[in-house]
Amino acid sequence: MQTVKLRNDGAVRTVEMNRPEVLNAFSVQLMDDLADAFLDATRDNSVKALILTGAGRAFSAGADLGEMGRPAPPAKHGFAVLLDAIVDFPKPFFIAVNGVGAGIGATLCGLADFVFIANEARLRCPFSSLGLTAEAASTYTFPRLMGRQRALWFLLAAEWLSGEECARAGLALRSVPLADLMQVVMAEAQKLAALPLASLTMTKELVMAQLREPMRAAILAENRGLAELVGSPANREALRAFREKRPADFTGL
Amino acid sequence: MQTVKLRNDGAVRTVEMNRPEVLNAFSVQLMDDLADAFLDATRDNSVKALILTGAGRAFSAGADLGEMGRPAPPAKHGFAVLLDAIVDFPKPFFIAVNGVGAGIGATLCGLADFVFIANEARLRCPFSSLGLTAEAASTYTFPRLMGRQRALWFLLAAEWLSGEECARAGLALRSVPLADLMQVVMAEAQKLAALPLASLTMTKELVMAQLREPMRAAILAENRGLAELVGSPANREALRAFREKRPADFTGL
Amino acid sequence: MQTVKLRNDGAVRTVEMNRPEVLNAFSVQLMDDLADAFLDATRDNSVKALILTGAGRAFSAGADLGEMGRPAPPAKHGFAVLLDAIVDFPKPFFIAVNGVGAGIGATLCGLADFVFIANEARLRCPFSSLGLTAEAASTYTFPRLMGRQRALWFLLAAEWLSGEECARAGLALRSVPLADLMQVVMAEAQKLAALPLASLTMTKELVMAQLREPMRAAILAENRGLAELVGSPANREALRAFREKRPADFTGL
């Protein structure tokens, strides 16, 4: 695994995205390594809970724009397999949002069992500002976590939500000072890891069994929507404006 | 359009219910004009967002009791078509609750994407006190916005919720002083209107596609329930008490 | 009815679980008496609302461990019929949580229309710590009341939630000082009892009709999960530790 670092503390596996130089942007390699990390933690009977976090000052800046426009490197798993591995992950899954999360760095939070976020962190869904649409089942998970009004605003308006706002809205279970974040999450994860795995996975399964089918349906519908919008006039204007370092102008679009 | 006033601010269309002398009660004419307003804003490519509000001191007092008991004037669209036009409305739909909302003036809020409510405003579902039941899919939308316990209390108890309570409960995205209401809503709507319409409608569609069928099923079930209760002993006692200007007595009913 | 006490205040029926000496633990007899209480209140047209509460200092400690391991006394109805009678109960159903609620004493709250809880009370789902899993449709009701993250934590972690936390999380409609609890709940129930029963039951039916099937499916899935875990290594270790008055050790389980 080139782009993630694994650590075991007893039965708690920490998976740290480790591309701090690009704010842990999701490259093809990172997606493959994350998929392997979830698949391995699924199979490894010594693992009772998983914490996902990011190295450096960001959680994840989202898609790796540096890879966009270039021929994609060949993927071992790809984004779809990563999402499947997360949706199917049978053990308690914590996210520790240690800094900025954008795009997939925000929408992943909808798939986690427990999100802990630093007060100093913030999340954003930039989809509209790129002429694109939402992903990772966020059109299903966010309305259920935050209420439809707040979720649709978050998905449409491309505005930032602070750590405290995420906790108040229900997108995170709790917000804590960044200095305490990893210690708090680890302590909570260890509480679960002291309990029998068969109970943890059975109860999670009972909750998730009802949700996996609509999550998967949302991912497929989002993919179709995204395919329609990639290369559309608004998406082209957004990319042009980005290259020309000017605000995009969506007048008439 | 006799009973609504339209205004365009750039790509934001404001639809103002304009029967202030009867607190914007829903007459057949108002329902037809509102249906036309939503259908027209759906088709008009220059419109990227719609704000619904009321003229005068009320948002809407609900059904027009003045028309009840008289032969209904012929409808161009009717209530069912209005609800369909709202449920199918593909662009961001804001409600600015500028004053009292009762009955449909409250339940409509469950269908909006974003409700902004004046601190001084308040909402009420008077159904039980009239011997009737809920409408406009509120038996589906309210539990998802407010939680089932709070929603069922609001639907059953015929009590008022203040603007602040609506925001706290999740029925409104935000409550603000009445003096600021229209300015705040317009500023938020303009944020969305600066973004590409194709992204706004695609993301809204992804969220709503999962909800439209249960919304429509709820409307049909509510209509059947309402048909059962209109003219029932409790409904007759409520109307009699209203005419006789006394509290209704539902003892034994 | 040996284990419940009934009282009528006008059209409000109070059902008090009356085994204070064992913290109102759910024996076979209590389950049968409660099922009869719900079935009778369903049929009795003089009853417009039901309040469930507990005698003494606890709401309910959950399953009667004293009966476990002994041959079960023959049941008239049993737990499944009790749950059906509650899920199908057509009239407003209040719970007044007057003290500790554990296991079924906590999960029942997910089936109530309105939960009022004493500030001094607290709820706990001990399932994981017993090597077991959740019941009474709580894997369906809790995520919808509290949000999935908070609900899954409550179901997995076997931690206590205070009365105030329950209200903040949405599991209870309101928390009040214990000294005021019964007076507050009775006053709210009397508000509904002054309204026509046909409206109360119709509106509740419209809300519940969409939820009963997933509630029943959750109960069946939970029963299958429970059957798998009863007698499992973790469950046996939990019971052994309980008998030996030591903390359970789930290392490797």
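All chains are identified by letter, namely A, B and C, in their written order; residue positions are counted from 1 within each chain.
Here is the rule we go by: a residue touches a chain if its C-beta (ideal position, glycine included) is under 8 Å from a C-beta of that chain, and two chains touch if they have at least 3 such contacts.
These numbers were taken from a predicted model, which means no experiment stands behind them.
A complete topology is adopted by the chain contact network, contact being made between every pair of chains. Bringing chain A onto chain B by least-squares fit of CA atoms involves turning it by 120°, to the nearest 5. Separating the CA-averaged centres of chain B and chain C is a span of 35 Å.
Residue positions of chain C in touch with at least two other chains are not found.
Chain A makes touch with chain B in their complex at residues 127-134, 139-140, 143, 147-153, 155-159, 214, 217-218, 221-222, 225, 228-229, 232-234, 237-238, 250, 253. If you check the complex, the residues on chain A that touch chain C are 92, 112-115, 144-145, 170, 172-173, 188, 191-192, 194-200, 202-207, 209-211.
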